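One chain, subunit A, links the two complexes that follow: it is found with subunit B in the first and with subunit C in the second.
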Partner chain A sequence: MNEVLLLARRSVVRTLRQPAMIVPALVFPLLLLSINSSGLESATHLPGFPTDSYFQFALAIAFVQGALFSANSAGTNVASDIESGFLNRLSLTPLRRVSLILGQLTGILALGLIQALTFLGVGLAFGEGIAAGVGGAVVIVLLSLTISLAFGSIGAFVALRAGNGEAVQGVFPLFFAALFLSSMTLPRDLIEIEWFQTVATWNPVSYMLEGFRSLVIEGWNAEALALGFGCAAGVAVIAMAAASSALRTRMVRT
Partner chain B sequence: MKVARAVAWRNIHNWATKPSMLVPSLLFPLFFFTAFAGGLSRVDSIPGFDYDAGYTTFVYGFVLLQASAFGGIFTGFAVARDFESGFSRRLMLGAAHRGGIVGGYWLSAAVRAATTIAVITVVALIAGLEVHGNGIDVVGLYTLALLMNALAVLFGTGVAMRLRTMQAGPAIQTPAFLLLFLAPVWVPYDLLTGWVHAAATVNPVTLVLEAERGLLAGEPEKVLPAFAVTTLIVGITLLWARGGLRSAERVA
Partner chain C sequence: MSNAAIETSGLVREFKKGPRAVDGIDLRVEPGEVYGFLGPNGAGKSTTVHMLTTLLPPTAGRAWVAGHDVVEDGPAVRSAIGAALQEAALDPYLTGREHMRLQTALHGMTGKESRERTDVLLERVGLVQAADRRVGGYSGGMKRRLDLALALVHRPRILFLDEPTTGLDPQSRSALWEEVQRLASDRGVTVFLTTQYLEEADVLADRVGIIDRGHIVAEGTPEALKDEIGRPSVEVIPALAEDLPHTRQVLSRFGESVTGSPKGASVRLAGGDAQLAEVVRALDSEDLQIQELQLHAPTLDDVFLAKTGRSLEGEAEPAPAAA
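Entry: the complex of A and B
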């Protein structure tokens, strides 16, 4: 346990000491939120649009987009540990694989917390509040952390599998594809193109976005929250298992 | 000319043979096209949205501009990488006419943009792109796109040659990103609200985008002002790139 805490502390310190990792992860989602909400405000005039403020609708994108940066950051950190030989030395310790990965991802969770609180603060300052109240705000932070863990685990898996940072950078566009092919810009039932609506329906990112939106726009919606948390947790568990398996393979090779 | 050809060939070869460089430059504009044309197609039902050629064509106008600009921006990254690796220093010692170096980067950016535009156009045609303009309109459309590509690569080259490090990436990319997205990207100018509307009013990209969409729809508008403004900015960025070259020569 002590070793995991040391690893977690190292991960947090390393992440927070890199402004190049924190600043874009905060600035770009906020920039997109700001541009989206002004550029697409007129979309709220569409019949069936769930709110009269596009800012309220688009706030969810900031949380998910921020978490996408976690994947990149986590992957880059793990790849750097592989390239420097640190992971090889760790493999000599009796640490369990999942503990080792979780320790490595603690920094990403710290970054996720900073992001969630920042986006929530911006949402409260410039939006119309959180429909689900204070409890909803707490759940938003929890959902945001779960998604950060899920995407961070995917980043760690890619790094462990490929062993270099370039591969992580190469996979980064795919994460954006997952965001773009979701209900990012309009509710699913308002998407006119059939194939796009089908992809968005199968895409777990849509349910993560809808989980946030339910709390911000509607209030408490058990189904949306269950799907949001379920998709995030499902991705986290699968990615963590894959990362653990990749770590085992890497240790055997070592 | 020889220098320009050699620099262009090397850059095009590097880009075309490295998947880590080729794939993102093709995929990103495609993602944008798919996400906007597919996800936002209902937006053309908003009261006041008046564009007969359809939403796919409306989005294509923007993605065409984006692909052109990013072809230039990514070439700016290549210039920075060449300086960081020390290749540019050797290139400057060996080149008889150093202006040809900038010309070579310019040429390679045009090839990159043309390739990306070709891919996007094929996908867009499959997805329902309707070009209502005649042959002259189409020539005007792609000439404007290549002018955008030129100003982006000259701006990027100027920054990269002054900073001479990959850290120059955000300084090249951020202004281009902001100019592109602070224009009427998803809806016509009249439907923009808030600060983006104010920014779009003074943003020269708005003029270019509206001209491109007019050419696509076969209802050309603001074409001459768009060409005049773009040519003027290309002239300014040419001076900027030349200044960058002089700066790099001083340390070479």
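Entry: the complex of A and C
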């Protein structure tokens, strides 16, 4: 456990010392929230739209988009350790492999916490509150952290597999494609294009977004929360397993 | 269990779609010895170090470090060794002290012990003033010194240094050489040092192994290796450039041609340095005006040339002269 904390501390310190990593992860989701909530307000007039405030609807996007930056951050940090030889240095210590992954991801959770609290603060300041109340706000933070863990693990996996930062940057746009092909801008039942609705229905990102929305707009919705947490946790488990396997290959000490 | 500090037997490393980077090397390094592993880029030096430090499993053969098999007992090997690999493996966003504290903690030191070890090592490598600055702002020499300090955190018995002075300025190079010599002489640390610099191997190593294309082509003390070559070479630069072919022709009477200055002719004297007077007389009798004449004692490059047919100096990047 001590090893995990040591590496988590290092991960947090190095992330906090890179404004270029923190500022976009906070600013871009808020920028997109601002653009979407003003530009797509008329969507709230569609019959069946769940709220009359697009800001309330779009707030969920900020949390998921912020978590996507976790993938980039985790991947870039891991790739940098491989390229600089720092991973080899760690390999020569008694460090266990699993501690390396957990330490790195704990650092990502720290960045995720800063993001979640910022987006929540903005949501409370400019929106109409959280329908599920204070408890709902806590669950929003927990869901946000679970998604950060999931996407961060994918970023770590890509970095460990490819061994370079270029691959991580190359994969980053795919995460955004996954976000855009979800129920990001409209509820799934209001998407009229059939293939888009099918993709959004199979896309786990839709259920992550809907988990947030249920808490912000409706109140407590067990099914939406179960699907949101289930998809996030499922992706996290699969990605962490893949990252651990890639680390075994990468950190091939005897 | 081997009682040598480092021993290998038929060690091989073959990469997919590539040649054998290391092709059956046998070597033995005694405790307390400084062993220089000399060779050009791509000769197999770093691959050997990676196998000996447990970072890369051998394809065939065996190796023991500190008496432990590198494949079967990796953790025991790692606890006995320190390594500063080819690139200074540092995090540019952490300070020197933070690196030391992380490394000490990962080796199980806590609190006071960690602080004391950090202070001792930063003092030893001359980084006390820069300890709280981020490593991203360090010079190449400072990074190398920090790298060395990190390798020494857990008081290793055997130290692997993979091209530790490549790219360093002469002052940093000298400082690192002094520290390596001090570690070996004062603390009895066995040092396995790879280098492509002849001078470095000559100055630091008790024994040298010359590796080329995955094979050890010569091994011994620097003096013994040079004695094996035996004969000195003479290099003559004529005053007039058009006299160069004639100068070469005259010198060819005294031995085989060797690589030298493009402005001059060089031969290894078949009859040793006693022939020098004859060379001068022959040049004089042919009315050749000489700008420069030098007698060179054999170097490790001559050894490399004799063993491989190629010059190491031509293949390595130029080394800055030590201060």
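Note that in this section the second predicted complex is superposed on the first by the 248 of 254 C-alpha atoms of A that agree within 3 Å, B and C clash if a C-alpha of one lies under 4 Å from a C-alpha of the other, contacts with A are read in each partner's own complex, and residues count from 1 in each chain.
Keep this in mind: contacts are C-beta pairs under 8 Å (C-beta built on N, C-alpha and C of every residue); 3 or more make two chains touch, one makes a residue touch a chain.
In this text, all values refer to a predicted model and were calculated from it rather than measured experimentally.
Asks: By the touch definition at the top of the document, which applies to A:245: first (subunit B), second (subunit C), both, or neither?
Replies: neither
Asks: Once chain A of both complexes is superposed, is A:53 in touch with subunit B (first), subunit C (second), both, or neither?
Replies: It touches nothing on subunit B or subunit C.
Asks: With both complexes superposed on chain A, which partner does A:193 reach: first (subunit B), second (subunit C), both or neither?
Replies: First partner only.
Asks: Quick one: name whichever of subunit B and subunit C touches more residues of subunit A.
Replies: Result: the larger residue contact count on subunit A belongs to B.
Asks: Of the two partner chains, subunit B (first) and subunit C (second), which one does A:164 touch, if any: first, second, both, or neither?
Replies: Touch status of A:164: no partner.
Asks: Is A:118 in contact with subunit B, with subunit C, with both, or with neither (first, second, both, neither)?
Replies: Neither partner.
Asks: Contact residues on subunit A for subunit C in the complex?
Replies: It is residues 2-3, 6, 10, 13-14, 17-18, 81, 84-95, 252-254 of subunit A that touch subunit C.
Asks: Show which residues of subunit A lie in contact with subunit B when the two form their complex.
Replies: 34-35, 37-43, 45-46, 166, 169-170, 173, 176-177, 180-181, 183-186, 190-193, 195-196, 200
Asks: Which subunit B residues qualify as touching subunit A in the complex?
Replies: Residues of subunit B touching subunit A: 19-20, 23-24, 27-28, 31-32, 34-43, 45-49, 181-182, 184-187, 191-197.
Asks: Report the residues of subunit C in contact with subunit A in the complex, numbered from low to high.
Replies: These residues of subunit C touch subunit A: 53-57, 70-72, 74-75, 77-79, 81-83, 85-94, 98, 102-103, 105-108, 134, 150.
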